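Note that the chains are named A, B and C in the order they appear, and that numbering of residues resets to 1 at the start of each chain.
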Amino acid sequence: MANTTDTGVSVTDETTSDITVEAPTAAAPEAAPASTPVDPADLVFDVSDLSVYYGDFRAVRDVNMTVERNQITALIGPSGCGKSTVLRSFNRMNDLIPTARVTGDLIYRGVDLYDPRVDPVEVRRRIGMVFQKPNPFPKSIYDNVAYGPRIAGQKKGLDEVVESSLRKAALWDEVKDRLGDSAIGLSGGQQQRLSIARAIATQPEVLLMDEPCSALDPIATARIEELMAEIKSEYTILIVTHNMQQAARVSDRTAFFSVELDEHNDRRTGLLVEYTDTAKLFSNPDDERTENYITGRFG
Amino acid sequence: MALSTIGGNGRTTARVDAEIYRQGRDLKGRGFQYLLLSALFLASLFLITLLIQVLTDGWPVLSERFVDFFTGTLRSRSSDDALGIGQGLAGTFWIAIFVIALSFPIGIAAAVYLEEYASENFITSVIDVAIRNLAGVPSVVYGLLGLALFVATRDGNSTLFAGGVTLAILVLPIVVITAAEAIRAVPSSLREGAYGVGATQWDVIRTQILPYAAPGILTGTLLSLARAIGEAAPLILVGAITDRLAPRGDGLLSLDQIFDRFTAMPIVIVGWVQESGRDQGFGPAAGAAIVVLLVFVILMNSIAVTLRNRFEKKRG
Amino acid sequence: MSDITVPTRSSGTTLSLDALSGPAARARKEGAIKAVFFLAATVSIIVSAAIVWSLVREAWVFITEVEWANTWGQNGWFPRQGLYDMPTLLVASLIVTVISMLVAGPIGLGSAIYLSEYASRRTRSILKPVLEVLAGVPSVVLGFFALFFLSPQIVERISRSGWLIIGAVILTGYVAMMVIWVRRTLQREASTSAAQMFTRIIVLTLFVLVGLVMVWWILRTAGSGDAGAANFFQVKRSGQLAAASIGVGILTIPLVASISEDALASVPRELREASAGLGARKVTTTTQIVLPAAVSGIVAAFIIGVSRVIGETMVVFMAGGAADAARFTDSPFEGGLTMTAGMASLATGTDNVVGEGLTFQSLYFVGFVLFLITLTLNVIGARFVRNVREKY
């Protein structure tokens, strides 16, 4: 983890400058690169110098950030800035793209997620994902929620898991009488809450949400945002959103990503510009690019 | 000038009116359309004539001795009461079993590999090219392969086994290509959703890909089965019996016949058509056998096509 | 890994690597399943290799041991007598190809254009199944139909003058195609390079040559077959190459139609709308915009159609009017053996392929030639199909 500083423009430098890290040990001098001191025991992700490549093309470069337990972290930025790409590397969904490659360290609770001995399947059972478009399986509501536990080998107590997951996803009351109906018949908002229930059912520690409300109407969106606040005490949530208001409403901390254009080959690479408390980022950002973006000057 | 302008306008208006309302007089367009329609009409005419010809030839035989005809065997005289397609049906039944047991699992597995596992490398592209080219190899060449593999090397014994395996190999590329198409149509959101909750690759294939692609795969397998049942050339090459075949005492399901000389429905038809030069009564018998074969093949094709259309519509 | 141990982390939150490694049994199972699927996929390579191997092995014996004088100019294919005259088979195959494509080409393409450009949803739902049923009809059924209907009812009724009239119609169509091509070429921009000019002259020359050959062939064969094609070696049966060809053509209509329809369907709607928006009539849009845009796929349909026609066996075997052996003929009104029918003939009968000397090997030699021809056509056809896909 002895990494930051010498790799050039890194958010950590800017943000650590105005806070005092309390009694950092010699082995980890920059263990808490946040504006508030982090109890290292609450550190869920510790990302340093993360870059994601598609073939030769570098989609995102040099991401440094930490994510804390039971917090909602929002990733915002203009389209093409690689925020979804970064999110998908947190549970190795990028493995599904044959040409994708990740460099740098992505430490989840002390384990490098990209260690060759790590099984992505195991990772995804602990770090669940909710996708941009609601994607219920063409099965019954019950089977959708029970899918994760079933493939993990669970045979007994599925009823309880299904009920508690649907309750947590605030969907139980609406569907408890028709669990056997096809999930395709649900409304878009219900489908997305079903996706959340499906992700919760595997009892993950982290939930990754990739623009979960972009396909939903405002009422359904509000419902999901409420839900996130409710389940926050049990999960660590990372959410990608293109909606700045949403980030401001739901998240504790926000990471702003931007794009830089490579003049030589006309390709755009994403980078993390600023990562700090949500309140600070939206009221008093350190970086000019962040300010330009949140005030609507670009993006 | 003014006058001519008005006159010009008047002419233009009249012409526009004429152009707009004269659609019915677009002779060139109509002619072209009827020309195209006549192509479809000819195709339909061929099909209808063919069906009528086959039915008028075959129906008397079928209606006179319906049950006997199904249980009868290959005979040297068309007037023989024991003449029938029993042996042909048995051979075709077993060939279908071979295709179901060999082509379906291997073909579907190959399609799954190509669509879900294979990375872009040399071996994958070789497999891809091989399958595409195999699909275009004439069926008679598969017969040569079967002859070389199963018959010529084993002292000239033409067996049902050789015929069944040859036809299974023949339809394998069709199964692979149609199954791969069906798998490609599975939305990637289903894959992602399943991987996202920690499914392994096999979980995803078993619980998402195969169930979703099942109707498409079924369509492909039915089409290939229909093809195998109607195929004659490879069986001729591996030495299916066209003239006379001693009846076996044991039943349809007896496994012994797999390693015995054999015939099949299309081969019975070919044999009787050839015999008809010598004994005219074989012509109607062949017609009757065709009616039976066509019922099977068209039924299978129709189910397959209906299935495909229904699911295409359902999924938009 | 050593550089990430943060001493202050409580052990409660730090995972061990094993926690994320997953059970070894699962990894083994996944690996085994993948291996099984891979093996299934390699079957296609094995089959391809086996086909090439079996063809080459016996064909090589034939090539090295046959007396080449017996493979050319022997006036007939009599394999059991050791006479393997290839022109007999090749010319018969050529005749069948030409006539059946004259049936399948226009009908298939016309059907495809109608279904794709003109048919309403309802008409389509009635007419499309006709082609689908036709596609499923086994070739032995077409063989029966060709022998018992097409041969006596159509081919034998085509008299000398009938054939001349049909020939005139075909030639008119051919000349019309040529005229359209020339006009189109002249309409394009005047600045043409010398190389382009050269290719065009070559194409035109080929056009004219093929036309002349057809005129010669039609005049030459008019009236043939009247006396009956019975000869010393062959058992007289009814059936002629022409009857078989029409049968093969009917069989090939759905294939040509389906590939052409795919090509037409891949032409973007915007092109049609742009043309209609300029006030073009449907016939103009179809012939000037849609067909040129889809030409690559239509060419592919014809090439793949030819490949299928050459490989078609049973119809020619049953209705081609020759069994076992055949004298050389270039007339569609006589019996003859194509490459495929020759192979099937050799394999039937009580003695199967047992014969003098190289009979068995000749089967594989013909098969090898057929394999090379169809493979070449399929590869070229696939390239044309790809052209359409890449364009849009």
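FYI, contacts are C-beta pairs under 8 Å (C-beta built on N, C-alpha and C of every residue); 3 or more make two chains touch, one makes a residue touch a chain.
Since we're looking at a predicted model, the values are computed, not measured.
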Farthest-lying chain, centroid of Cα atoms versus that of chain B: A
Best-connected chain pair, where connection means C-beta pairs in contact: B-C
Length of the line joining the C-alpha centres of chain B and chain C, rounded to whole Å: 16
Inter-centroid spacing, chain B versus chain A (mean Cα positions, whole Å): 50
Chain centre separation in whole Å, for chain C relative to chain A (CA means): 55
Numbers and ranges of chain B residues touching at least 2 other chains: 200
Contacts with two or more other chains, residues of chain A listed in rising order: 121-123, 126
Multi-partner residues of chain C (each touching 2 or more other chains): 26
Chain B partner contacts - residues on chain C that touch it in the complex: 26, 29-30, 33-34, 36-38, 40-45, 47-48, 50-51, 54-55, 57-58, 106-111, 113-115, 118, 127, 129-145, 147-149, 235, 237-238, 250, 253, 257, 281-283, 286-287, 304, 307-308, 310-314, 317-318, 323, 340, 343-344, 347-348, 350, 352-354, 360, 363-364, 367, 370-371, 374-375, 378-379, 382
Chain C to chain A touching residues, read off their complex: 1, 3-10, 12-17, 19-22, 26-27
Contact footprint of chain C on chain B as seen in their complex: 26, 28-29, 32-33, 35-40, 42-44, 46-47, 49-50, 53-54, 57, 105-107, 109-110, 112-114, 116-118, 123, 126-127, 130-134, 136-145, 147-149, 152, 156, 158, 169, 172-173, 176, 200-202, 223, 226, 229-233, 236-237, 239, 242-243, 266, 269-270, 273-274, 277, 283, 286-287, 290, 293-294, 297-298, 300-302, 305
Interface residues, chain A side, partner chain C - complex: 1-2, 25, 27-28, 31, 40-43, 46, 69, 105, 107-113, 115, 117-119, 121-123, 126
In the complex with chain A, residue positions of chain B that touch it: 119-120, 187, 189-200, 203, 207-208, 211-212
